[in-house]
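Encoded as structure tokens, the structure appears first; notes follow it.
Chain lettering (A, B and C) follows the sequence in which the chains are written, and residue indices restart at 1 in each chain.
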Amino acid sequence: MTSLSTPRCFWLVRFAARETAMDPSEVEFLAEKQLVKIIPNFSLDKIYLIGGDLGPFNPGLPVEVPVWLALNLKQRQKCRIIPPDWMDVEKLEEMRELERKEDAFTPVPSPHYMELTKLLLNHASDNIPKADEIRTLVKDIWDTRIAKLRLSADSFISQQEAHAQLDNLTLMEINTVREFLLDSLNCMYKLRSNLQPGSRKGQLTDY
Amino acid sequence: ENESMSDSLSDDCVSQEEDVMTPAELISKLEEAWLNEKFSPELLENRSEVVECVMEQLTHMESNLQRVKKGDAKASVHRMEIDRIRFVLSSYLRSRLQKIEKFFPHVLEKEKSRAEGQPSLLSPEEFAFAKEYYANTETYLKAVALKRMPPNLQAVDLLKAVPEPCLDSFVFLQVKERQENIFVEPETDDQREYVVDLEEGSQHLMRYRTIAPLVYSGAVQLI
Amino acid sequence: MDTQSYCPVPPGVGMEENFLSLDDILLSHERLPVRTECVFPRLGFLEKSSDTQDIPEATKMELPLWLSKGLYERKRKVLSVELPKVYREGWRTVFTADPNVVDLHKMGPYYYGLGSQMLHFDSPENPDIAQALLQTFIGRFRRTMDSSQNAYNEDTSALVERLDSLEKVLFRSGQNGLNSFQSWEKGQASQLTASSLVLNYRKRKLADVQT
């Protein structure tokens, strides 16, 4: 009996070069679509982009633009970036305490909090008060959450669960464990199908 | 003049379910298709209509940009947006080509057994690519090894030799339209099957097989 | 997944990343203790300890997995395959007690892969073997995961040495996820670096010079 298809296609080795992988820079790319407030120092009419309208831009008047444009304008010294409300030491300290206290994942301030922190702190730290403290706080929150994620991954595997709800996880968090967790679940699936000869899952064939 | 750079979509680019799709909606359709294709274990149905409309938008915008003076502040923003859209578009098409290379015999088989009127898995270009890939692989195997084998061992059934996509893989997903009574198969003998409701906006980890129809219909987004 | 059992496809036909997979080929060459249940005419040359022309019935010898599997038939016994000791009851008990203490590389390195293949041969112990494989995997999961996640910039060789080849693949998946995140975080994603192969090669060359 064998649960495996042809020997040459044996499942042990089917991991490399998967297209289901996403690079962190691609997650960051998605985060760059988030809107952020800037204060421009130039004037420009409305821009009609394919993805929607932006502007008009008037010196000194706050306006919302996607992060990719905000960073570009900032690099060309054409604007000041107003950090999002949550990017604030007091608020983040509260979140960190809550994250450490709760067993479950607490709601995040932004689905891209990690990427936005990195992008804004790296390119506009002069517009963000207490940038270093914010960096540390966000990193603490991240570390706490990743530790929880490992804990829940282990319990998902050991309980052999079929379904988990993960509402507050962000794409970047999922992405760091995706490959490992999905590969492990696939391996476990194959090992478990060994137990069920003749079923749909196990592929026993009598000659 | 710049204001006419992005018009509403032409008649060909009207989505099936709604009457008119704005360019912004079109771009989010492309991004959804991109992520779904990246994370689904199998090759999904082609979205040529989206690809073609996006291409049309890009061409239109680029031809408008050619008429704009150098150093125009708006033009540089438009160019950045074009680059971003182009990136998603090519990444989407590339991930489909990778899957076709990975599963080519099965993809072609599915295409062959497709009932008339059923939408095609592959775009015409992808279909040509898959057939060529199949032929080249066979030729290569013959040239490099098979012709030196005893006659009775020279045939290779690529359908058996190339692994099929594993639909039992787990996937991460986000719910876009609420779903009731989604069946969860038990993993072990001492577990019982149960159903879950998928609330809008919630995120889940579960088997692709269970929710594949919801990916096709757009009710869930793979993440 | 199709429902084929053993299907003699020529080696190296899996067309994607497992094309000519070394692990797969090595696994199929793992040697199994077998006992012939009939005479194997004119195959005496396979059995180095004797100089007879045929292999007589009831000879104990070792055959690679691929050959044992090909010759094995449930109805007409040509040979019987003995269970390697790591899958026997004694070892199964050890695994149940604490799967983490076992050096699966030394005992394997294809503990899960070969174990799954052993189920091809009819044995009353098969359900227990299948269960042991699964429980061992689950029992060792946490450690494989944690080490792959914490191991960044640390020497993990001692730990990795004790992993089965399947766990090693998973370990690498875990490290990939962590490393790509960390290099993104540091902004190194866009920097070009020499591939690790080249670096290792240099190291090895250096080591050769020193010895």
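As a working rule, contacts are C-beta pairs under 8 Å (C-beta built on N, C-alpha and C of every residue); 3 or more make two chains touch, one makes a residue touch a chain.
Quick caveat, the model's predicted, so the values are computed rather than measured.
In this assembly, C is the chain whose CA centroid lies farthest from the centroid of subunit A. Contact counts per chain pair peak at A-C. Separating the centre of subunit A from that of subunit B, both taken as means of CA atoms, is a distance of 21 Å.
Put simply, the C-alpha centre of subunit A and that of subunit C have 34 angstrom between them. Residue positions of subunit A touching 2 or more other chains, listed in rising order: 5-6, 8-9, 14, 160, 178, 192, 195. Multi-chain contact residues of subunit B (touching two or more other chains): 102, 160-163, 166. Contact of a single residue of subunit C with at least two other chains is seen at positions 1-2, 4, 7, 9-10, 12-14, 16, 18. Contact residues of subunit B toward subunit A in the complex are 2-6, 23-24, 26-27, 31, 38-41, 57-58, 61, 73-74, 77-78, 80-82, 84-85, 87, 91, 95, 98-99, 102, 160-163, 166, 168-172, 184-189, 191, 196, 201-207, 223. Listing the residues of subunit A that touch subunit B in their complex gives 5-6, 8-9, 11, 14, 19-20, 22, 26, 29-30, 32, 42, 44-52, 54, 68-69, 72, 156, 160-167, 169, 171, 174, 178, 181-182, 185-186, 189, 192, 195, 201.
Chain contact summary for the complex, subunit A toward subunit C: residues 1-10, 12-17, 23-25, 28, 118, 122, 146, 150, 153-154, 157-158, 160, 172, 175-180, 183-184, 187-188, 190-192, 194-195, 197, 203-207.
On the subunit C side of its complex with subunit A, the touching residues are 1-7, 9-14, 16-18, 21, 23-24, 27-28, 66, 69, 73-75, 110, 112-113, 116-117, 119-122, 126-127, 130-131, 133-134, 137-138, 141-142, 144-146, 148-149, 165-166, 169-170, 173-174, 176-178, 180-181, 184-185, 187, 189-190.
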